[in-house]
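Heads up, the next two complexes both have subunit A, just with different partners, subunit B and then subunit C.
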Partner chain A sequence: MSDATLSLPAKRSRALPRVNGSAVVMGLYILFLMLPIYWLVNMSLKTNTEITSTFTLWPRDLTFANYRTILTDPSWYMGYVNSLIYVVMNTVISISVALPAAYAFSRYRFLGDKHLFFWLLTNRMAPPAVFALPFFQLYSSVGLFDTHIAVALAHCLFNVPLAVWILEGFMRGVPKEIDETAYIDGYSFPRFFVKIFMPLIASGIGVAAFFCFMFSWVELLLSRTLTSVNAKPIAATMTRTVSASGMDWGVLAAAGVLTIVPGALVIYFVRNYIAKGFALGRV
Partner chain B sequence: MDKPVNNKAWFLVLPVLVLVAFSAVIPLMTVVNYSVQDTFGNNVFFWAGLEWFEQALSSSRLHDALLRQILFSVIILAIQVPLGIFVALNMPKRGFWASLCLVLMALPLLIPWNVVGTIWQIFGRVDIGLLGYTLDKLGINYNYTANAIDAWVTVIVMDVWHWTSLVALLCYAGLQSIPDAYYQAAKIDQASRWKVFRYIELPKMQGVLLIAILLRFMDSFMIYTEPFVVTGGGPGNATTFLSIDLVKMAIGQFDLGPAAAFSIMYFLVIMLISWVFYTVMTNLDKREEMQ
Partner chain C sequence: MALELIGVSKEVGARTHIAPTSLVLEKGTMNVLLGPTLSGKTSLMRLMAGLDVPTAGRIIWDGKDVTGMRVQDRKVAMVYQQFINYPSISVYDNIASPLRLQRKSKAEIDSAVRATAEMMKLTPLLQRKPLELSGGQQQRCALARALVKGAGLVLLDEPLANLDYKLREELRTEIPKIFEASGAIFVYATTEPEEALLLGGNTATLWEGRVTQFGPTPLVYRQPKDATTARVFSDPPMNFLPVTKAGARLLFGEGQNAPAGGTFAGIPDGRYLAGFRANHIEIARPGTPAGGALEFRCTLAVTEITGSETFVHLDHGGDRWVGLLPGVQDYVAGDELTIRLDPAFVYVFGEDGALVASAPYAAAA
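Coming up: the complex of A and B.
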């Protein structure tokens, strides 16, 4: 304690210029990150004539027509609905199967556990491009092509391993004594799991759900390959517009802004776990 | 942590096993099946043996795509890792500004990949994009749809924009775990800033840094959507990376055999890197438990 108080004045005098340097670095880096997003938002608030004819740093002729187009045209907003449906389905499926599995991995050793854990990882790392065509044929042959459940199941390929790894990382932090005490108290496994264990790792479940949601939301290749009309995701709707009309930049930008919104809304809640989630529950 | 052996735990793992088997093993078997057969349509298949593998291994198209892919991944790592460490070292340690930085930095990570492509496609256009317009006004001849170098620069800057924060966030998490006592000891020893970094921060970040490098390598190695949206693999084949080439072959031209053989080799490379990743992870876990 006396140590810290002694070094305090020295620290302050040296820390001050360094903090400023850091602030400049961070400022520049965040500026670099925000510029393209700013430009997208800027464009989404302009009319097409303003976009193509003049070059303005902010909308002179502020309009929300682009957003109105998207929110009133079913072929646009159904893209969001479709995306949300399969993303939520996928998140629910992934978390519910991953919970018991992660518990098994974090608490027991069993035949082939390490191999299984590794095999799950290879699926998280597998390039979707490899799976695009076989998925298309598999789901076509069982009659699931162009349904939400097909995309949800396909996204399980990388989300289930992700959920298992993240949850295992969180469950490892819960002391085993809690399990043992509960069993001694006469809890059955399902009751213990739901009543005692799940509340303990609630933040872990939230983080895993967030990452499942996110990775399913950002993925395009598989969801585009597996759908044509009824379950077409917003991402695919956007690419179609780029190639078809080619000039409706305002609507395209507005659609892009709307796809960023879900992530931006919940990011605050998981900010301290972002690193853990991206590192598959480690760190 | 000592874990008891209990083979009944298999029942808990079973749902995952069934689900992932359905969405990974069956498609993978299809790929293997295609890789050894030839077809003239109508679902008539002929045994082709290892022909496709030989063809793929000797095809210059694949070699070029592979070279481009490796070059891309190496450049990405060479930029993102030092930049990510640098940013992490400069991040505020705690408080409001730390939260703000975390949220803003994570934002690009959560944008759908094709929207990332769209953002940069617009941003780089000479007529309506801020970047393209500015460069044009500065007298730099910049056109990512016609010039291969410009296309490369655009794709790389885009990836740096998209993913550097991941490296930074992981390093930041690593830095947070360093106790203050370490820095105080360094101060007593009058260690220079560089020495503090070299002997305290870097060793402590080693684990997370390895994870970051492996994740970035894997993801850049599989990159598809972003360059596809921005450049479509062009101009010519300049930005046709492995995944783009594979999808072109499989879905564009329906060359199932070669595409499948290609997929399997691709997958083997991924398996190898995953194994390295797994080894790193498990070693990290062990070290954590010993502490």
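Coming up: the complex of A and C.
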């Protein structure tokens, strides 16, 4: 009997929920990170009246009309199509140009190789605004203005150096003896490169492609400057949607949600290698 | 069919990696390149393979000049110290890859791959990726790829150096057997004299980019042409002490001298360098007669016990000698020891390092 009464307070304290400090901190951090995204999704599912007139934590009057507008109106969805076209073009060009360049930097010593390699990176240090004017004038005079390839080429200015740096880091991790063994076995260089070497650095190619995709996808200034109608990117469409009738909050929020989706999809495939990519392959 | 190097040299910038070298490697022979790290073994192999182009000289293969020929067009195979396989394809595809490039038929490839895999004990592992294998298995895979190709020249660059002791012994006995049948020229680089003696065949000793001697392995071991060769081809390295030839006697200092008979008879009077190997040293037990052996007083610096043998590092008037004694020896650092050395085991080198007189025991053998 006395035993039971004595053990009672102990039992009660055990029953209290234990507070895990690190879980609280992490929870708060994630809450802060997710809040803007949640609010964007929240807004995209509301009507304009609800957005502007009341404060609601979740849509009282759930509607998919905003999404329907975007997916049916060509002036909206063509923005996505245009963006995807030049982003994919840019990624393909950047990777196919950077692969041989990175191989040369990782395998051969030549005059000024280190300087050239560093100079590549300095291209990323100039703000895009610097290049907007020369690109605009140049492309206008050669008739490339308002085409997808114009934006794709302009973005190569940032993405090729980045891809070279990332790929070079991954390639350096492959021992040179593998190249030599392949030559001894009788592989020609192109065949070795495609059959043996590229599978070895597949994760590096994936990461480099992801970074090219991402930078090209989020870049606004050059893509807006170099296009008017035919190749107008989604980001430009979004910023120009402040019309005379006021802001169309719901549609804009829906467009924002749809803009996040491609990046989230692409990052899923390279999630295990992203850290190495941020270190430019040098981990 | 032979591989002939005529005055081949390699310079990178101002540095000489390989001094002008002439060698003839005959068909169906095992040739060991023996030398310490950075002595030029790998550089010489890369020249033989065609991975590097020599700065000067010519390489003749089967009567044809192949000096500038691309490595793809030469019939060579090479195995590195690191376990080099194609990580993205299976062991089967790894072994098959040189044959596929030779455009052999599917059936032919399959039978060759399976036969080679059987020999290298890889049959149960054919569907795995190389990185899923143990180190020994990975190196077997690399060896299988080199073997299946039927190359006329097979280069093995310290293939066993990264393997653990047991596997190394196992593969070391297998390699000569496996490759004997192929009729190819084998070149095997190693840093270990023991490995060279086990493999037999011919040995070329290398030192600082120079081939100091080339010949049948036991001959090079017994009758090194100079002190450098003797040093390279002894593990632990050969011990040296100054010696003077005066009339009919060799004077070793400390009142030790020996009659200059046999191989020593023809040496002109003067100062020389005497060399002897670690295993020829004995520790004098007090009270036993020297019996014609030379005696030196040394201080014991370090002992290394391997179990069946004990290495004693001795200090002899500033010279560091190493002795190899059987069994476990209970000496302690600082012990004063008297060692005995039969003059029959002494090599005499000139002051420039060239051999003046071979050890009488070696000349007799």
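Note that the second predicted complex is superposed on the first by the 256 of 283 C-alpha atoms of A that agree within 3 Å, B and C clash if a C-alpha of one lies under 4 Å from a C-alpha of the other, contacts with A are read in each partner's own complex, and residues count from 1 in each chain.
Quick note on the criterion: a contact is a pair of C-beta atoms (placed from the backbone, for glycine too) under 8 Å apart; a residue touches a chain by one contact, two chains touch by 3 or more.
The structure displayed is predicted, hence computed values, not measured ones.
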item: Fit or clash between subunit C and subunit B when superposed on subunit A; value: fit
item: First (subunit B), second (subunit C), both or neither touched by A:55; value: first
item: Dominant toucher of subunit A (residue count), subunit B or subunit C; value: B
item: Partner chain in contact with A:161 - subunit B first, subunit C second, else both or neither; value: first
item: Partner chain(s) touched by A:218 [first = subunit B, second = subunit C, both, neither]; value: first
item: First, second, both or neither for A:68, with subunit B first and subunit C second; value: neither
item: Touching partner for A:118 - first (subunit B), second (subunit C), both, neither; value: first
item: After superposition on chain A, the shortest CA separation from subunit B to subunit C (Å); value: 9
item: Intersection of subunit A interface sets (partners subunit B, subunit C); value: none
item: Subunit A residues within the subunit B interface of the complex; value: 3-4, 7, 10-11, 21-22, 25-26, 29-30, 32-37, 39-40, 43, 51-52, 55, 93, 96-98, 100-101, 103-105, 107-111, 113-114, 116-118, 120-123, 125-138, 153-154, 156-157, 160-161, 164, 172, 176, 214, 217-221, 225, 235, 238-239, 242, 249, 252-253, 256, 259-260, 263-264, 267-268, 271-272, 274-276, 278-280, 282-283
item: Contact set on subunit A toward subunit C in their complex; value: 175, 177-178, 180-188, 196, 199-200, 202
item: Interfacial residue positions of subunit B with respect to subunit A in the complex; value: 1, 3-10, 12-13, 15-17, 19-20, 22-24, 26-28, 30-31, 86-87, 89-92, 99, 101-115, 118-123, 127-131, 133, 161, 165-166, 169-170, 172-174, 184, 187, 207-208, 211-212, 215, 218, 221-222, 224-225, 229, 242-244, 246-247, 250-251, 256, 259, 263, 266-267, 270-271, 273-275, 277-278, 281-282, 284-285
item: Subunit C - residues contacting subunit A, complex; value: 49, 51, 70-72, 76-78, 80, 82, 84, 86-89, 97-98, 101-102, 142, 145, 149
